[in-house]
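Encoded as structure tokens, the structure appears first; notes follow it.
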Amino acid sequence: MIYFRSDYSLGAHPKVMQALMDTNMEHTDGYAEDRFSYETADMIREMIGKPDAHVHFMVGGTPTNTITIAAALRPYEGVISPATGHIYVHETGSVEANGHRVFAAPTEDGKLTPEAIEKVLLHHEDEHTVIPKMAYITHPTENGGVYTKAELTALSECCKKHGLYLYMDGARLGTALTWPGNDLSLKDIANLVDAFYIGGTKIGALFGEALIIMNDNMNDHFRYMVKRACALLAKGRLIAIQLKALLEGGEDSLYYELSRHENELAIKLSKGVVEKGYELWIPHQTNQVFVIVDNDKIKELEKDFFFYTWCPYDETRSVIRLVISWGSTEEDVDAILAAL
Amino acid sequence: MIYFRSDYSLGAHPKVMQALMDTNMEHTDGYAEDRFSYETADMIREMIGKPDAHVHFMVGGTPTNTITIAAALRPYEGVISPATGHIYVHETGSVEANGHRVFAAPTEDGKLTPEAIEKVLLHHEDEHTVIPKMAYITHPTENGGVYTKAELTALSECCKKHGLYLYMDGARLGTALTWPGNDLSLKDIANLVDAFYIGGTKIGALFGEALIIMNDNMNDHFRYMVKRACALLAKGRLIAIQLKALLEGGEDSLYYELSRHENELAIKLSKGVVEKGYELWIPHQTNQVFVIVDNDKIKELEKDFFFYTWCPYDETRSVIRLVISWGSTEEDVDAILAAL
Amino acid sequence: MIYFRSDYSLGAHPKVMQALMDTNMEHTDGYAEDRFSYETADMIREMIGKPDAHVHFMVGGTPTNTITIAAALRPYEGVISPATGHIYVHETGSVEANGHRVFAAPTEDGKLTPEAIEKVLLHHEDEHTVIPKMAYITHPTENGGVYTKAELTALSECCKKHGLYLYMDGARLGTALTWPGNDLSLKDIANLVDAFYIGGTKIGALFGEALIIMNDNMNDHFRYMVKRACALLAKGRLIAIQLKALLEGGEDSLYYELSRHENELAIKLSKGVVEKGYELWIPHQTNQVFVIVDNDKIKELEKDFFFYTWCPYDETRSVIRLVISWGSTEEDVDAILAAL
Amino acid sequence: MIYFRSDYSLGAHPKVMQALMDTNMEHTDGYAEDRFSYETADMIREMIGKPDAHVHFMVGGTPTNTITIAAALRPYEGVISPATGHIYVHETGSVEANGHRVFAAPTEDGKLTPEAIEKVLLHHEDEHTVIPKMAYITHPTENGGVYTKAELTALSECCKKHGLYLYMDGARLGTALTWPGNDLSLKDIANLVDAFYIGGTKIGALFGEALIIMNDNMNDHFRYMVKRACALLAKGRLIAIQLKALLEGGEDSLYYELSRHENELAIKLSKGVVEKGYELWIPHQTNQVFVIVDNDKIKELEKDFFFYTWCPYDETRSVIRLVISWGSTEEDVDAILAAL
């Protein structure tokens, strides 16, 4: 069985595992109060050019999103997300579990726009309404789309104008950073958003995300919020150790290398399916390829390949999602192209 | 100043006040455990033809909606509402404050449809998603629209089919029940929904709503839920006394009489504005009339009349909302028609 | 049946009812944005000598307590209450429903002390613990006890020293203010606490409490918190109208007069039972008298009198609570003394 | 620096790391829907003799406790814990964050008793009170105490009698199971409680606990609750792989071996300190030793040893906590005994 199922079907990249092995028998204090966590936080602050940023090592994407939102908002405030955003679609209401509304803004391509934000703001002006106080985006989007510098700048200015926090979910950030033509560096992002995270779970780690908060208001008693949300890992250093192994070296790091690898294979795959006469559901960017396939053909493919059938397309065809992970190989791509 | 501002700009109807005066010096136990509450609950059960229904006397619409939803849903479940629904637009996230998502279903006229429900259900099938478990409607809708028996039956069947509770917010229920051509009786409603409330605050009471729950699953430890939500009134009898004064007599009751009065004046008003050449924003039903008026004219009207400017219509015109309350008079309507 | 059951077995004092009748047919805007609310708030600010205080008109004690606490605390913060405090014992976890812990501090007589506060503070110093951030007291206590100026000053200083808010639940405040020997005026209280409320429900109103917040930090977006908690009354003026009728005139007001009446009858009752050879469970203050009575005698009393049997005392005796309300009469007291 | 700080100052036992390495490059589906998770769950069900038990692989102790409680309780219900229990003392209000009260029952030695439970139950009988619905214990207790079979049986019967769930936090369960004289087997525990967890984080794993639910009522939509609480690990298999490495072999497993090692060293340590004339704060059981030490001596020890100063004892002495972890060595113990 060949996996195009998700970004997390393997363990960690061998170099990440090696880093865990190398440090395994060193005693440290718990809860990310250890030299690995401090050093990695320093490294990240330097990478993004923000010496005063707050860095928190989080177990996964959902706690990172949920706690960042819950720590920043007052009880009567909500967060605007594209209707396709992870916090609206795939986190079982964890934002609402903390008492906050997610405003699902209509979106054509998975991106949030200043227009969509302002439409939500329109009708929220007195104590009978929830106050939208944050905009949430994923970069790349859930469908793989890469924001341009112009787009992110426009969002940033819109949020500043209206007093909203801008928060970026970077579960697959590496694939955006290394996408051909991308013009948004880590430093740009750090300048344009109030907080974002660099995702490790989906690119090479066993688990772990580096949450980076530039806006001090969002960081008040943050560790209390993490513990209260059951998300303060006892052996917190494990996340820092993995992220150091991934991120050390900046654009030459393992993280960028794995991300480039994902993008290259995904480009090969998307070109290949188009050459074979298939139609893409949406224009391809980063490591997810959405292909329209006959339902009969899908059944046949499922014998040898493991992937998600994303949604029905018409009466005889559906959309399948093929995810390239850091562990995917040229042979995997050749195999599915041959089978298609 | 003449008020077309809301349904609650006066105190209570004099007969309601009289009922409070008549019973004022009688001692009873608190928290709706008194003869007035028991008798009024019995009267309501008989009115709706449901001898086993649970009746709770609630202070206002928002606690009624929020607590009914919170009592019925498990933490990972949500409620589907038209995007214009009161729980989505005007309750400051009180449903989310209890941890539940409100799914805002797109709607053309304020009504929820089986199609809209099924569209929400489509993508909620595993533990990464919120489970829609209830459909919420207002009758009449926020804009005054009256569901037909066919429409409510279709909703009811759709909810049964998909295992959803159907709950009706009846803040202005009397105006729907007495709308010319309405084919939905209280007994029909009680047969078609799992729970609904008969609103007193907006039709003649100082405050108070009768929540009626037919579905036992929604009633489990309900009074605990009310108290926990800070909504168990110490002198609970006050609500029952008012509702008895309003509802006694069924279709000949004060409640029906006031509602008919509101509808009649609203019809006079809506006909009048059309005759004067104004355009209605939406087809008129029940006690709210939405009129498109020049912005200059609105400013002029505001000198003598108190009303909401609902939303901009185009560059020079806006929509105003004129509400007929039980205390509105023919003279009030004549006055604004003359001024328009 | 003669009632010694609670403070809320009647409607409102006739003068309060008259005030509601007198204003009933005047149109105003809703949600306490009306002249009655503004005027009554001004009157209260003057009474307490705090021209900048924030005044909110609340429906009942539980919403007042819960929302004041929820508005002031961050999610990881809690409130210290005597173990007998209303928020711990009789509000069905409504504080916890908003995510906050109630620290139940042991208490001998229902009063909170600086020592008890500091004992709770002892073990709360890092992100693994809830931060105690507020002290909650009732004045008089649940058992009727009256804080002295020295006691309240000590609490106030303790709270200031440790960065805690001090909040006073004044459900029965009038009976403390008019208790013989009391040395705490409304102005003293306003100087010593961050927020408190003057309770109407238990002293003469149909319902309604005046919440007064001196500390601006506790008032941020307070009305949003009220609406989100389902507690913003549509016809908000009703509370202000009642409280004006009660409080107008300061120490000569109806509120003080009714409170004095309650205390006088309670003193007569407590003296009477002691003269008849009964033992009081706790020293008597304000309008509640706790008497130790033979279980057989209790059964006999229950034929003609309605009261709470508070708790077992020993194998043959129990404690009964006799509450004097504003509507209790000399004849009521004579009757139960005769029956005892 | 020699560590007696906590149970989690190292990475994982080398055999656990090896298991992660061995399986690292195998593709599986995410979220614990993989063969490792299924197989390990089967193994655990067999170990405890409960073929129908539900097994969930959780990241850490706090999410396990919090989610188990939140999934089992209705909003107005609470959980009884010894006042020293982890959920009351060291989880930053995560239970309250889900809306539930923790009743802190006074305890002499960290154990909960039927008497303490019944004292809490006494005053909770109507809708004005939180309903206690679960009893929470840790085994061993926070101070290391081991419940006997008689004690756990009495708790179990008390809970059944009163309709409470009984839940056991087994963060350090291995040290109780292997304590000399312990008479409670895993199978006994599974028979006496409704749910418990076998803790890996503190005994040999990088992280991970096996939650085992015998009572079906507590398992309803449990995975939704986990995801909603941000605690569903993407690479869920990591927990099962580690726990299999630890638990395989039952009483001959690595988990039992490491636990025995901890107990043996702790006994050596506690005997040693007593022989040196020190006083133990509480009688010693399992892997934590609490010693009363002069404050000056503590300062001296801190140069070479890392441990917690637990609390002041008197004016010149404090209590220190010395934790033996799976990685502690005879040499570590000899060193601190020499230094004391």
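Read from first to last, the chains carry the letters A, B, C and D; within each, the first residue is number 1.
Definition applied: a contact is a pair of C-beta atoms (placed from the backbone, for glycine too) under 8 Å apart; a residue touches a chain by one contact, two chains touch by 3 or more.
As the structure is a prediction and not an experimental result, all values here were calculated from the model.
> When contacts are scored as defined above, which chain pair ends up with more C-beta pairs, B-D or B-C?
So, comparing the two chain pairs, more contacts are at B-C.
> Equivalent interface to A-B, which of A-D, C-D or A-C, with over half of contact pairs matching by residue number?
More than half of its contact pairs match A-B, so it is C-D.
> From the centre of chain D, which chain's CA centre is farthest?
The most distant chain relative to chain D turns out to be B.
> Measuring from the mean C-alpha position of chain B to the mean C-alpha position of chain D, what distance in angstrom results?
51
> Express in whole angstrom the distance between the two chain centres, defined as the mean CA positions of chain C and chain D.
So the centre of chain C lies 42 Å away from the centre of chain D.
> Take the average of all CA coordinates in chain B, do the same for chain C, and state the distance between these two points in whole angstrom.
The mean C-alpha positions of chain B and chain C differ by 33 Å.
> Which residues belonging to chain C are in contact with no fewer than two other chains?
Where chain C meets two or more other chains at a single residue, that happens at 75-76, 91-93, 97-99, 127-128, 224, 227-228, 232.
> What residues of chain B sit close enough to touch chain D in their complex?
By the definition above, chain B touches chain D via 31, 70, 74-76, 98-99, 127-128, 131, 220-221, 223-228, 232.
> Hey, which residues of chain B end up touching chain C in the complex?
1, 3, 5-6, 8-12, 14, 17, 20-21, 23-30, 59-63, 66-67, 91-94, 97-98, 201-202, 206-207, 224, 227-235, 238, 306, 327
> Inside the complex, what are the residues of chain B that reach chain A?
Touching chain A: residues 75-76, 78, 89-93, 96-97, 99-102, 104, 123, 127-130 of chain B.
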